[in-house]
Amino acid sequence: MDAIIFLIFAAAAVIFGINVVLRTHPVSSALALIGVMASLAVIYLLLGAPFLAAVQVLVYAGAIMVLFLFVIMLLNAGSEKKSRGAWMARLAGVPLLVALLTILSFVIFRMYPRSVGVKFGSFAAGTVERVGSALFTTYLLPFEITSLLVLIAILGAVVLGYKELD
Amino acid sequence: MNFFLLSAIKMAMVMGVLMLTLLYLQWAERKVVAHIQVRLGPYRVGPHGLLQPIADTLKLLLKEDLTPPGVNKGLYVFAPFLAITLSLISIVVIPFGPAIEVAGVQTWMQLTDLNVGVVFVLAISSLAVYGIVLAGWASNSKYPLLGSLRSAAQMISYELPLGLTIAAPLLMANTLSLREIVLSQSHYYWGWIPAWNVLHGPLPQVIAFVVFMIAAFAETNRIPFDLPEAETELVAGFHTEYSSMKFAGFFMAEYANMFTVCSMATVLFLGGWLPPWPAEKGSVFFPSVMFAAAGLIALRHGLYRARPRDRRSFQVIAMVSFGLAALFLIPAFAQFFSPLFWFGLKTGLLLFTFIWVRGTLPRFRYDQLMRFAWSFLFPVAAVNLMATALLVAIFG
Amino acid sequence: MPQTIPLSWYLVLSAVLFALGAAGFVFRRNIITMFMSIELMLNAVNLTFIAFAYHLRQVDGQVFAFFVMVVAAAEAAVGLAIILTVFKNRATLQVDEIASMKN
Amino acid sequence: MEQQLWIIPALPLAGFLVNGLLGRRLPKAAVTAVAITSVALSFLWVLKTVTGLMPLDAAYVERYFDWIRVGSLRIGCDLMMDRLTAVMVLVVTGVGLLIHIYAAGYMAHDTGYARFFAYLNLFMFFMLTLVLAANYLLMFVGWEGVGLCSYLLIGFWFLRKSATNAGNKAFIVNRVGDFGFSLAIFLLVINFNTLDFGEVFAKLSGWPVENTVGTLTLVGLLLLLGATGKSAQVPLYVWLPDAMEGPTPVSALIHAATMVTAGVYMVARTAPLYLKAPMALEMVALIGLVTAFFAATIGLVQNDIKKVFAYSTVSQLGYMFLGVGTGAFAAGIFHLVTHAFFKALLFLGAGSVIHALSGEQDLRIMGGLRKKTPWTFWTLACASVSIAGVPFTAGFFSKDEILVAAYHHAPWMYWVGTLAAGMTAFYVFRAFFLAFFGEYRGEGHPHESPAVMTLPLAALALLSLAGGFIPVPGWLEPLFGAPSAHHNPVLVAVSVSFGLAGIFLAWLFYVARPELPGALATRFSGIYRTVLNKYYVDEIYNAAIVKPVVEGSRSLLWKGIDVELIDASVNGIAARARGVGDMLRRMQSGYIRNYAAWVLLGAVVLMLAIGGTR
């Protein structure tokens, strides 16, 4: 059961991810990205992080991606046009990416033997209670600083979005 | 019993009742608004227009399914399905009643209880905006696009006060599971004042409840916040280009959303299925008394009819009411149905408020809408949350 | 069909998604799509965090993922505001046309 | 038992924060209430603490947190209370409270009302930190803080060029003294590895008394340099007369009663160290004596009422230094206390006169105010007899203690001091007679000040008359030991007669025969002009120090080192960097995706490196 769920949603995530990169229209990319996020949320559940799964949907899909869609629609962004230099990027980028992926996979497989499986329910610490108490004790300072960061981001967004009076 | 089988049965029951409710919610809305405006409302199809929803459904089913040229096909079809799906998913975590035992199987009157239930509902409701946004964008038409832009901004804005007001009762209940939230409200002060979160110490969440309801109006795009579909400005907003069953999908999604937020309000603030005063002080007899009173009123209307078309309908309604009153006197029946009755009564009253407001208030202007959310609701909800947190920390 | 999937598969999934995000960032020219590619990479990293949280049986990884989400939200707000400003000033979303840093 | 000493300075600080941040928006009554209440509560808390700590035989220290911790050096944020501190804190909060009340009337029509009280409260905070501090560094914080407030308040009417100049002058001259103070602190750290008063003095017992110049003497002299700056002693006294540009309550509080006595307090606080360094202590006495005499001569001929009192302050501070310098620490502190009473009263009275004349400060245009401002007249009379040393007033007791100690130390010091005392009596009564007797020489209609101003005057007058009966020396005996010199009726009689003679001469010159001073001035016009121009000290300083420094800075430091060396090298580095950047620029295409590709390449290399080692 675990294996099936993982495979289904991992495949979905990868397919959606490919769509993010390959679709020329930003709206399609955005929708594919939402698909990735939803698939990942399920995988988070498998990994024993129900709170993070819910927050993933709530924050990423529910807030951030809505903003993206909103901006895309507001700017009425059309499909992407080809531009010069694209072939050069492919020439340099594709081998690099393939190399990166290969090395990463190689390292991962060498470091983490396949014998240990991930079993749903064997780790149930991802409750709101546990994550919350970690946030408010061990990670209190980072948490507070993050709140400051968010405040600064709000100010920045307001300043950037504010209509100049001149 | 098999977990899957049990779930399937429960799901079938909930879906059946829910669909019926949604159909007749629309009928009720038309009736109530009509009476507010001193009209009769649907009257011709069936007694008191009771068959009107079925007729409407048939009409929508048989109507030609137009797909305007220039739309983004896939998304155009996908959007209404997304809307209805998302609006129905949240129902799974709503607890309708306590644990019951039927034919030796013990189960809860709830499809499933998540330990992050509240966050789940919030997450799903935060996705609800996609149905509208995608519909507006896929239509490739300016009114729908404007409607969907408005909707995106509006729903993101009102999600904040909504989330903050939800957090306040959570602090008092100390859990995210909706079932446990209801159970945490199950005692009574001095034996008869219910410890619902609106009345519960250390800080009665009256402000949170009011703000929640206002934000809920906006989240469900209801008057006075129905900017995304403002017919006087945007023809029909995001669903201008939709017809037939796809239109019906949005329509149902709106009512399902209303039902969800009202259920959430009931669970979070009004004690869910719990009666307003203890059973031993007579709350078990309330359903009977209420139905009997309704029957008497119906009977009187039946005997002195106001319109020639009212032939026997009031008498029938009276008989049904009396029958229900009698049924609630049977302990086995009452034990099973009175939680559902209380849940239904509270949710129904909130739904009535929705309809009532629709018949009463004008629409906000767009800038007023945003200013209201950001400079009034949000601060109020934040202050309320802080006060609650402080008081819970001191007394809790 | 094995009953469970080893941890390394999760990590490889994360690596694949990360590579896809990086590819999107390098190959795409629409600034919004590039931005979304960054979000994709962040998600991949989050998956790694949570996978390791599972592997090490510690909640800390999940806390990190939580921080990543918060920072991503802040980043999205500022980034999109910047994109709006850029669009207002230059009427384009193609990064290649926004090259005033050149020379 | 915890006494919560921190509350004493914290209350004025709170007042400062409220008035400083919100003062503009608050109504005047609220500003007044906040300012006065904070100081009053602080005063009450002092009373509570002191009574709570009775009999206060040993120093009581409260340690709050470590401020600096470097290696074995630990400097804490500690406050202490012993008998000396108790005297100082009582004087600071008590006189401060009276002056706050007075200022509410004096500044009532000023536009910067809230700002004024914010500064005043801030000053109280720093002054209390200074006297409560349990180590030199925290004391230095208060020391610098009161300097800052002094600067702010001298330049309070910053639209007047002379006021800002005076503020700058005070600040810069004080820098010289503070330089000495900080060097002394460094020396203490090097030699004792602590700055805590108790620990320094405990370690001191292992040191021998220095008969030649040594470390302790150096520390003492450097501390003395700091004290001459803050307490306006020769050679750094020049800022104090100019400081009279500030509002009169400021002159009374900061430049007469409290801040300028910080130097005396510091020397008394450091008494154990000075006792081990007799040469430094001798220097303290000499400086004090020179200042006392020198300033008194200048005070004889000044025409501005506040200037007269300013030089009088310098002179009286000299007395205090003479007292502590001759080893009579208790006498010095006693004079500090009584001086706080009568000098604050003199300034507040002068302020009342100025207030009555709507801002006139020139003695030559006053006169005959006795009838018009009776309260001011009588209270100023009390202050004048007190400072002149008329028997059984406050000034009589403290000044005689000092003079007796001086005689015991070296008889010539006594005679110089007594002469200066006579001059003090003369110029104070000169000002008094010029202002209150004879005919009114100005225009306009003088009026008595409101009760909010006269009541503090009355309170201070009472203290000026009876303050001598407060047994300060006895109270301080456990700290400084019993006075070595016994009262000598002959010496007392001589000094009193000098004082009375001064009063008589003043009466003769300015009431009985007003034409005499003019005749004398023409007869001795050379001396008169020199003294009137304050011995040209400002001009000498200007020519000897200020001009060379400015010129040197301009020609050598600016045109030479700054432009030729620093700017040139910075520009050179910039030019080289630009050259290198020109080469590297070719990599910067301006396309985001190129940069991303570089990052990607870096990531791959990094992964290779990491993966290879695993």
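A, B, C and D label the chains in the order they appear, each numbered from 1.
Throughout what follows, a contact is a pair of C-beta atoms (placed from the backbone, for glycine too) under 8 Å apart; a residue touches a chain by one contact, two chains touch by 3 or more.
Predicted model, so just to flag it, every value in this text is computed and none were measured.
Engineer: Farthest chain from chain B, going by mean C-alpha coordinates, please.
Structural biologist: D
Engineer: How big is the gap, in whole Å, between where the Cα atoms of chain A centre and where those of chain C centre?
Structural biologist: 5
Engineer: Centroid from C-alpha atoms only, then distance chain B to chain C, rounded to Å. What do you get?
Structural biologist: The separation of the two C-alpha centroids amounts to 37 Å.
Engineer: State, to the nearest whole Å, the distance from the C-alpha centre of chain B to the C-alpha centre of chain D.
Structural biologist: Centre separation, chain B to chain D: 75 Å.
Engineer: Using the average of all C-alpha atoms in each chain as its centre, how far is it in Å between chain A and chain B?
Structural biologist: 33
Engineer: If you look at chain D, which of its residues touch at least two other chains?
Structural biologist: 591, 593, 597, 600
Engineer: Two or more other chains in contact with one residue: find those residues in chain C.
Structural biologist: 22, 26-27, 29, 96
Engineer: Provide the list of chain A residues touching at least two other chains, using ranges where the numbers run on.
Structural biologist: 51, 55, 63, 67, 74, 85, 89, 93, 97, 100, 104, 111
Engineer: Identify every two-chain combination in which the chains touch.
Structural biologist: All chain pairs meeting the touch criterion are A-B, A-C, A-D, C-D.
Engineer: Mind pulling up the chain D residues that touch chain A in the complex?
Structural biologist: Listed in rising order, the residues are 591, 593, 597, 600-601, 603-604, 607-608, 610-611, 614.
Engineer: Over in the complex, which chain A residues touch chain B? Could you list them?
Structural biologist: 27, 31, 34, 50-51, 54-55, 57-58, 61-63, 66-67, 69-70, 73-74, 127-128
Engineer: What part of chain A is in contact with chain D in the complex they form?
Structural biologist: 85, 89, 92-93, 96-97, 99-100, 103-104, 106-107, 110-111
Engineer: Under the touch definition given earlier, write down the residues of chain D that touch chain C in their complex.
Structural biologist: 585, 588-593, 596-597, 600
Engineer: Please give the residue numbers of chain B that touch chain A in the complex, ascending.
Structural biologist: Interface residues on chain B, with respect to chain A: 75, 114-116, 119-120, 122-124, 126-127, 129-130, 133-134, 136-137, 145, 148-149, 152-153, 155-156, 159, 176.
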